[in-house]
Amino acid sequence: MIRPEEIKMSAEETGKWGMVIDQDICTGCQACVAACAMENNITFVGEVDSGYGRSMHWIRIERFWEGEYPEVKMTPQQPMMCQQCGHANCEPVCPAFATVHSQAEQLNLQVYNRCVGTRYCANNCPYQVRAFNWRDYQRPEPLQNQFNPDVTVRRMGVMEKCTFCIQRIHKAQDTAKSEGREVRDGEFTTACAQACPANAIVFGRVDQPESLVSQLKHRRHGVKHLEELGTLPNVTYIKGG
Amino acid sequence: MSEQFSRRDFLKLAGLGAATTAILTGCGPASRYVKREPYQQMPEYNSVGQSTYYATTCRECAAGCGLVVRTYQGRAIKAEGNANHPLNLGKTCARGQATLHGLYNPDRVQGPSTGDWDSAIQSVADAFKNYKPGEIAFLMGMAPDHLFDLVGDLTAAAGMDAPIRYGALSMFESRATLSKAAENLFGQPGLPWFDVGNAQAVFSFGANFLETWLSPVAYTRGFVGLRQSETKLRGVLVQFEARMSATGAKADHWVPLRPGTEGLVALAIGKLASELRGGATPRIFSGVNPAEAAEQAGVELEALEAMAQIFASNAVLAIPGGAALGQSNGLETAEAVLALNALSDNFGKPGGVYLSALAPNQTEYSGPASTEEMAGLVEKMKSGAIKALFVHGVSPVFELPAALGFKEALANVELFSFATFPDETAKEAKHVLPDHHGLESWGYQRVATGVSQSVLSGSQPVVSPYYNTRATADVLIAAAQLAGGKFAEALPYKDEVEFIQTKLAALLGEGDGSFSAPDAATFMAYFQQYGGWFKNSNALIAPDGSGALNGSIEAGEAEFAGEGEFFFVPFVSPTLAEAGANKPWLQELPDPTTTVMWNSWIEINPATAHELGVEDDDVVKVSSEFGALELPVYRYPAIRPDTVAIAFGQGHTAYGRYAENRGVHAGDLLGARFNEAGDLAFGGVKVRVEKTGRKQPLSRMESIMGVYGVGLGGEEH
Amino acid sequence: MVKKFFEWLKKPMGLIAVGIAFLALFSGFAYWLNTTQQSPDQPIQFPHKTHVAFGIQCLYCHPGASKGPAAGLPSQAKCWACHNQIAKTQSSALLAPLKDAVLAGESLEWVPVAIVPDFVQFNHRPHIAAGRNCEECHGDMSQVNVAENPQVMNMGWCLNCHIEAAGEDQEKLIKLSDCGTCHY
Amino acid sequence: MSDKQHHAEHSHEEHLREKHLMLDPLPRGKMNEMVMEAMLAKPTWKWWLVFSILAAIVAYGLFYKWGILIMKGQGEAGVMRPDYWGIFLVNTVFWIGISHAGTFISAILRVFKAEFRRPFTRAAELMTTFGLVQAGFSVFMHMGRVWLAYWLFPYPNQRMMWPNLHSPLTWDLLAITTYLLSSTMYLFLPLIPDLAMARDRSTGWRKNFYKILALGFRGTEGEWTHLRHAMNIFAFAIIPVMFSVHTIVSWDFAAATRPGWNSTIFGPYFVIGALHSGMGAAIAVLAVIRGTMKNMSYFIRGEHFDAVGKLMLIISMGWAYFFFNDYMVQWYGGDKWTQQLLHFHEAGPMGWMWFAMLVCNIVVPWAILWNPKWRATPWLVATVGLIINVGMWFERYIIIPVSVTINRMPFTWKLYKPGIEVPMSIGTVALFILLYMIASKLIPLIPVWEVQEGQMAHEFKKFGRETVVTVSELE
């Protein structure tokens, strides 16, 4: 719960984990999307539902067009996932506390088992990055063998979204703790960042100035989406070359 | 009352409540509905509750990227890139990620068609014995290489024809053309390797190197180097192609030229650039008139001049590839574009053109068969010269253009398929002897291109086989021994692993390796552990391109079959490629340029669509001289108005529930015309487009309203 | 007829009958509820008591507990390593399933006793590292044969202990009561 | 005074009597009889036909389809990204709106002592309760896991979890629950004397039924005093509840960060909208009661349609004011997404609905209700009422699924296409009517005591040559 006087409008002072996404080198190859789906047990929904806006992707790569043929240009690909806002719009509107702010990790949690499916959070998310389980999508035998045991398999009627691979965060912290040290920068990363052939996604601690994300964020001109809404997103986009 | 209500009782009561809730809500503690089987014998390197990671090689395409697969209690959970593998440095493409959807695909072939392996192996042995060596042919896919070597040993010893390798990807990459052009220009065949990362600017003539071309993960790394480097300015990418590919979408300049004029334009730019630089115009460019070239290519002369300006002021790397080479004049185009590099004097220099390093156990370049050679095979099948055909790792019924008549020719041969999935070829086969999935297999793969080192990538099973499948190498070894004689002598191995170990033994003494080992067994163990063996030094071959500018190239006009009014650009779907359609998550991935999922579409310029009177999602009939397809329209803003494009990858008639009867097969429109290197002129077809009046909504990730303004009201934007 | 029956129901005997019927239904339901709370049938009535009495440590058979999320079941090979050398294994009826399974190369199917729902990501390691003993959650195994849960493992139970463990330490409390510690 | 004059005088009085229920008194017993007769009339085959058709629609459209929805998930409905909210919430807002008029007519008019209210407070209050039932159903239909709906209520549990009091949905649920409880009480209190009347005039199971419900009301002075006090308290107390409920409903939208929703005027705009649709529904209900039940043309007359018609006209003007105020401010704000949305409203694929909304909510009522003669024509006013309801349903449809099409991420814009919502919506309408049909057979729809009370207070008095109607203060 954030009281108004606690809201700091500079994102540097909030947040723990963050991402920097370089749109100049993102090729839109969808490797991150596939990696995310494989890591997080995301279901596929088939042709009809995916065309009707019911796909469960936690990342979608946006692109627009500029100009007319032959001067037409594709705008830089823009992978959109949960921005893990420091002051998220989804959190206060959930009547059941199913989407809450993690004080420990500074992430927007989605507690699947608490979700009753009012879909208010998704409605209120300015980034439209939440995916709802519209049906009980089946994955026929033996596809379930691939399920990641560290991630809950969601069923019909609950909301889900990018978690910044919180299972990996926990695992890395657990390992570090068992070895009596802090988590090192780059010791682990999210599934999308790990797969990205262009290294366009970099993940790490935004509250540690020496981490790679912090460096990238400051070295190159990054923007945050819809920052004017005061959401304090933790994903920074680098647009130009 | 309340004092009797001890805390323990409260917990009990609460528990009772929870149990009731669990029953009512169906999501409480489900313990008693679960069964757990402990290991009978804990596998090596495993420990309870911990994941085990195995290094292996990705088999989704032939590039040979290293994978590390996370397994948990005998199940493969996640495929990651192998960070120690020099080709992909820990990265993967989308197809590599989805490889587990192949492993656990619900529609795999679950056992040999005969029911048991003994009779299956007997049938192979019978074929060896009953047919003359010349009547037996092996058709192999682009991967894996160890099996190719094994079959090579077998055929050589038994006096059969050497195995033929082929894949739709190699066709669309025009590998034969590239190698032939290198031979003509440098006097040495080989797969050129382009050092994109160190270039100042890249002129790509149809090379879709960020998608499927040769080694997309490695080339993407190169692209990042081009764009971002500590030591040089941001490099420029110029893409010359009629239809904007996902690679073209990342380009700073996209030059939409008429298909088949790439060579001409390359020469014209060379001429303009050399004039801008001053000095004598090299001989190779002397016969070109830039104004005419621009006219023929359907672009403004100013556009070519602007590109020439960039060329003149940068050390430019020119890449010929993909659609540009799949034309009747493809070889000339390849030579012209390669020669252009001579202007930048970058042969064998950083940021320039090399010939790819040969793999550790390779002595000379050997490429896949050209489509013309495949046509030769089909001829032989038809004429009865070949009576038994063994197919592994490729589905020619799907991957070859129907016009070649492969399927019809199968009537005359006894077909053995080693397919893991029930593909179109397996459906035609008399015998299906399913191989393991790549993640269940041993093997090695030579990295053909993409990296400066010489790399042999290793595979090992990360999980035990899920179905009653058997390694093809083991089947052939067993059959050869059953057949006896020279067959048995050719393959004197206990099993596949022994064969691989024997082959690797040659590397044991070699220096400069990523690791060394005292004996073969240790070497094999390290080979698996690291996911391969590679040399530490740069093994690229610097080509001799000294004469490149002094030759003369007739970049003649491309020939087109058919009377249609549109050029036709078939391109490999970047997410599905030739064999991804059976993986549901690959189907659900939006196409990088159009964001279409689960289907095929035809890309038509909006202006052309307007002329044809078609809207988005209108089904049109596309017909060439060789076939016709019906599919919905995607009004694609970045394609020439005189060109239409269809992705290759869908339109399966078999291959499992996620692939079957989905979309159309772009290959059905293609003819059997080849370029001088023997590669299919897949771009040399003209098509007609007619409205059918039906509609079929495409599943798009994008909003047609938000991106194109369709249905928003008011003017479209 | 029906009317008569309703009339009878209003009489004392009828009321008693109604009471008995209600009680019977209720006890039936209670019994059924109770059956869902019993420790389940196992392929072998495994005597934890005996093994603990031999001085075998918990972590010998369930080593995963100190390393990661799952404590795990011992592989049959591990059982056999000892039981192979115990004469009684050959004769005991109780051990017959083990013998049969090992010799036939088949798996025993155990029913887990202590289990949390799918949506709870429980990790043994930090609990052991924090100095918790196995019996604090799983009960004293030297007293029981087939393992049974000494308490219902629900969220209130988890949370109680977490809050107690945090004590006055605010940072620890935040970490230990964060939804994302267990649910993701 | 000439004969002629006298005659004119007399006919003037006659005329007034004919026109005004309050000036046309009948003995209490007679009125009781009339109401009882209307209630106890044996259902005709037509009644049964309509009843069974409605019951079938409810069984299929509402319950069977709801079962399907629960089994198969919200994918059966038309909702998706970005239209996470669809017709179920349209219906929720719509039915809450309808339920408003009941309380409005009854409580506000009672507080302000508007005499024309007397015969139809009951019918209006029933509308509140029955409307809220549909609203409740609709909101539960909307939930992805409706079987866990109890998590939204504050109750102690071992998880130490409470509902989120930051969420407008939680306020909403609490407000609606409060409203449902208080409006049911408010329906019940004035019903007591009529139930007692019915008890005294019926036999068999009905007698027992009314006996229990009438709580032993005998009509003593003390009982009346208590009842009056209670009703007064409720009438005053329920007015702020009523305003708050729809304001809170509006906060579900106004408190959200969405273009088109984030509007400060939504509170009163929703309240007036609710009254708009509620008055329309109430008048339609009155027309049906008058047309289908015995003796009702005595109780419900043209004057009532005229009075409600005037109210409808005023409310329509109020709605128009708030609508254009809301539009104006949003447009003037100049936010690019809001601009896009406003443009989409008018010119987009649902533009027809936007214009139809304006026609139904403004053009039609203004064109018809200004004319006193038309205003007193029951079928016409009822038709206008129904048209207003269509318009108001459109308004909610535009606010919810049409507006959420446009958000700040154009890559996701998509148009909503309803699925299973259609039969389920029809099911709620059918259930609403069905409940009325059942109620008409079970409880006196006309509060006889209230009518009689009014009639006793009215009388003709002669001042010189003028005959004047006087009203005395009863309470």
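Structural remarks
By letter and in written order, the chains are A, B, C and D; residue numbering begins at 1 in each of them.
Here, a residue touches a chain if its C-beta (ideal position, glycine included) is under 8 Å from a C-beta of that chain, and two chains touch if they have at least 3 such contacts.
The model shown is predicted, which means the values in this text are computed figures rather than measured ones.
Of all chains shown, A has the CA centroid lying nearest to the centroid of every protein CA atom. Taking each chain's centre as the average of its CA atoms, chain C and chain D sit 55 Å apart. Inter-chain spacing, taken between the CA centroids of chain B and chain D, is 65 Å.
Separating the centre of chain A from that of chain B, both taken as means of CA atoms, is a distance of 30 Å.
The mean-CA centres of chain A and chain D are about 45 angstrom from one another, to the nearest whole unit. For chain B, the set of residues that touch two or more other chains comprises 14, 18, 27, 701-702, 707. Listed for chain C are residues 69, 117-118, 154, 156-157, each touching two or more other chains. Along chain A, residues 52, 60, 62, 64, 97, 113-114, 149 each make contact with two or more other chains.
In terms of inter-chain touching, the protein chains here all touch one another pairwise. Taken together, the chain C residues at the contact with chain A in this complex read 69, 117-121, 123, 125-126, 129, 174-175, 178-181, 183-184.
Taken in their complex, chain D has these residues touching chain C: 157-160.
Residues 1, 49, 52-54, 60, 62, 64, 80, 89, 92-97, 114-120, 122-124, 126-128, 130-136, 156-159, 226, 229 of chain A touch chain D in their complex. For chain C in complex with chain B, the residues that touch the partner chain are 33, 36-37, 40, 62-64, 67-78, 101-102, 105-118, 124, 151-154, 156-157. Those residues of chain B that touch chain C in the complex are listed here as 11-12, 14-16, 18-20, 23, 27-32, 34-42, 47-50.
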